[in-house]
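As structure tokens, here come the structures.
You will see chain A twice below: alongside chain B first, and alongside chain C after that.
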Partner chain A sequence: MKKNKFILIPFLFLLACGSPSLPILGNRDVVIRKEGDKEIIDTLYQTIPDFQFQDQYGQVFTAAQIQNKIYVADFFFVTCPSICPRMKRNLLKVNEALGTDTNFFILSHTIDPEHDSVSVLYDYADKLGVNNSNWYFLRADRNYTYQLAEKSYYASAIVDSTEPGGFVHSGGLILIDKKRRVRGIYDGTNADETDKLINDIKRLKNEEE
Partner chain B sequence: MQFLCLAQFYELNIEIIEMGFITHHAVKILFLFESCAWFCFDWHFFELVLLHMKKLAFIGLLAIACTSNKEVNLLDKELMDLHDEVMKHSNEILQLKDEINHLKETSISKDSLQQLSFHLHKADQDMLEWMRHYQEPNQASDTAIAFYQAQIQYMKTLKEFTLQSIIEAKNILHEKK
Partner chain C sequence: MILISILLYACNLDTNSSSTVQLASGYELYQKNCANCHGDDGSGLKRLIPPLKNADFILANPQTLKEIIVKGMQGSILVNGIQYNSLMPANPKISDTEVEAIKQFVLIKFNNVEN
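What follows is the complex of A and B.
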């Protein structure tokens, strides 16, 4: 009977704190530091490193521009005939729900920069009606984009997968918090997963406010 | 004469049903006409039947269109699944190419390395070129089916070439190690 009382504790905690915070994905390190006589254990989470791309306006886009912002990253290419059109439809839904928030960004990285020039990306964004918003279409060397995708954005998914590779073309939408940590990966081709993403962005905003 | 028309009407029904193009509702309508036909042996009825034959023909054509639409959708899915499968290897191709291009002090001949690199490059570029020019047909038709069949064949060949190039490169790099 005494044990049963303890079962209630997590539920009481949930009631007191609302919904639990989103998990932090990716690799982590434990660092022990000393503060006087006390030993303090810190967890260092994997973060998205600094990056540099060119956006649809021909300007340089760096990680400094999304400093302390929540953003969703995805990988696509303008001529993609299969998953990308569905992904973009769902991302438009995300943009409609949160596009007016100046603290929220969408970064779409092309994996065919040879074809997807600045003007092609600009026209693409124009057709979607998202130019002059917080949705940026970014291009860089293919190798650079792939490495950033697989070593940082998809690092947690690759650890959990038995089949290495192929994540860049998996249609994932990756949610990044203000500290540049991965907080969720969602199937961008699935409408239900997109709704979950919108909900999680709102949760993340409340968590970080 | 009336019986002859009735017999022809039956033959047509059986043909349509056998061809598998008839929908559930159309079968119901058909049998309603048939049961009426047994009791009403006058020309006015057959005029009515002939009038409805146009509608039945329309239903038949609609059913044919639905069937080819379904076939086109299946072929489109098969093609896109193949494309997605090959695309999964893009990063692997780029990494292998990079590894080959940066090989130093190796017993492998320069020509072999160039050929390996070229195969990987070709596999990658062929897919990019395909995507850049791919246009799906506007409507379901026999031409569309033939188009998809040809595209699937091309994608299968490209998949085979891509996987072969990756295996080739991995084997040589493994030997080197």
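What follows is the complex of A and C.
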């Protein structure tokens, strides 16, 4: 009987706290500051830096537009003959579940800006049936995008002429919170992972800031 | 007479099992070569990638399937009333047997055979 009590305590604790928060991914620094006689320890998490792209409408798109918003980022290219269509099929599911929420965005970054001009991106979004105002298809200088992908989103993009389409890239859907911290990376080619992402976005929305 | 009947039955069994094997192989090859773009269920992707399931284009032009699988396709194509214009890459390394298996899978499993 005593054993049962011990099992019950953590169970009640979990019930009281709700489901645990999503992890915060990336590097972190510890900063110690003084407030009077007290030493306060702050944890500084890695965040997505300010950025500037051009969207499918030819407008400048900056980090200011996703300030205090939750968003999902991915990296793709329009002529991709391998994983991109599957990723976009799964992102359509995410968009269908959350696309009407004005506090949620999807940012799809092209890794082939030479081909994927503004008009190509617009046509791609249009044919994909994206007509809501919170899914943006973004382009910038190739190196700029690749560095942001690698250093901030833990994604990879490499030019490789031997690969179908001429590029190798990761198929992750990266979940970013309101403070621009990475909260999850999901396999964008996998339907179950996409369902988990949708569920985690809802959890993140309910998370207390 | 009985012997002939048994032989005919055996031949029929052999044909059925070989087409089942071909369909299974076609399914695997479809998953490997085609499903990323056309979808696991052959439904395509919106107005970007044409469907292969219940596709009037295939029903009207089944003989072109093999060539499209091997050589790819570019330019405009009308499928079920929608105009598609995406580039389909070629598959130069695929064998004749593999192409035939994919073709049979697409024709039979995606309802592209006239009744």
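The definition used in the following text is that the second predicted complex is superposed on the first by the 180 of 209 C-alpha atoms of A that agree within 3 Å, B and C clash if a C-alpha of one lies under 4 Å from a C-alpha of the other, contacts with A are read in each partner's own complex, and residues count from 1 in each chain.
We adopt the following convention: a contact is a pair of C-beta atoms (placed from the backbone, for glycine too) under 8 Å apart; a residue touches a chain by one contact, two chains touch by 3 or more.
Note that the structure is a prediction, hence the values are computed from the model and not measured.
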| item | value |
| --- | --- |
| Simultaneous placement of chain C and chain B on chain A, clash or fit | clash |
| First, second, both or neither for A:K127, with chain B first and chain C second | second |
| Which superposed partner A:R28 touches (first chain B, second chain C, both, neither) | neither |
| Touched partner set for A:K179, first chain B, second chain C, both or neither | neither |
| Which superposed partner A:T79 touches (first chain B, second chain C, both, neither) | both |
| Touched partner set for A:K88, first chain B, second chain C, both or neither | second |
| First, second, both or neither for A:K151, with chain B first and chain C second | neither |
| Among 113-121, 131-139 or 167-175 on chain B, the segment whose C-alpha atoms clash with chain C after superposition | 131-139 |
| Shared contact residues on chain A - chain B and chain C | 79, 81-83, 165 |
| Of chain A, residues touching chain B in the complex | 77, 79-83, 111-112, 114-115, 142-143, 146, 149-150, 165-166, 168-169 |
| Residue ranges of chain B touching chain A (in the complex, touch as defined) | 80, 83-84, 87-92, 94, 98, 128, 131-132, 134, 136 |
| Residue numbers on chain A that touch chain C, as the complex places them | 79, 81-83, 85-86, 88-89, 92, 124, 126-129, 164-165, 189 |
| Residues of chain C that touch chain A when the two form their complex | 35-37, 39, 45-49, 87-89 |
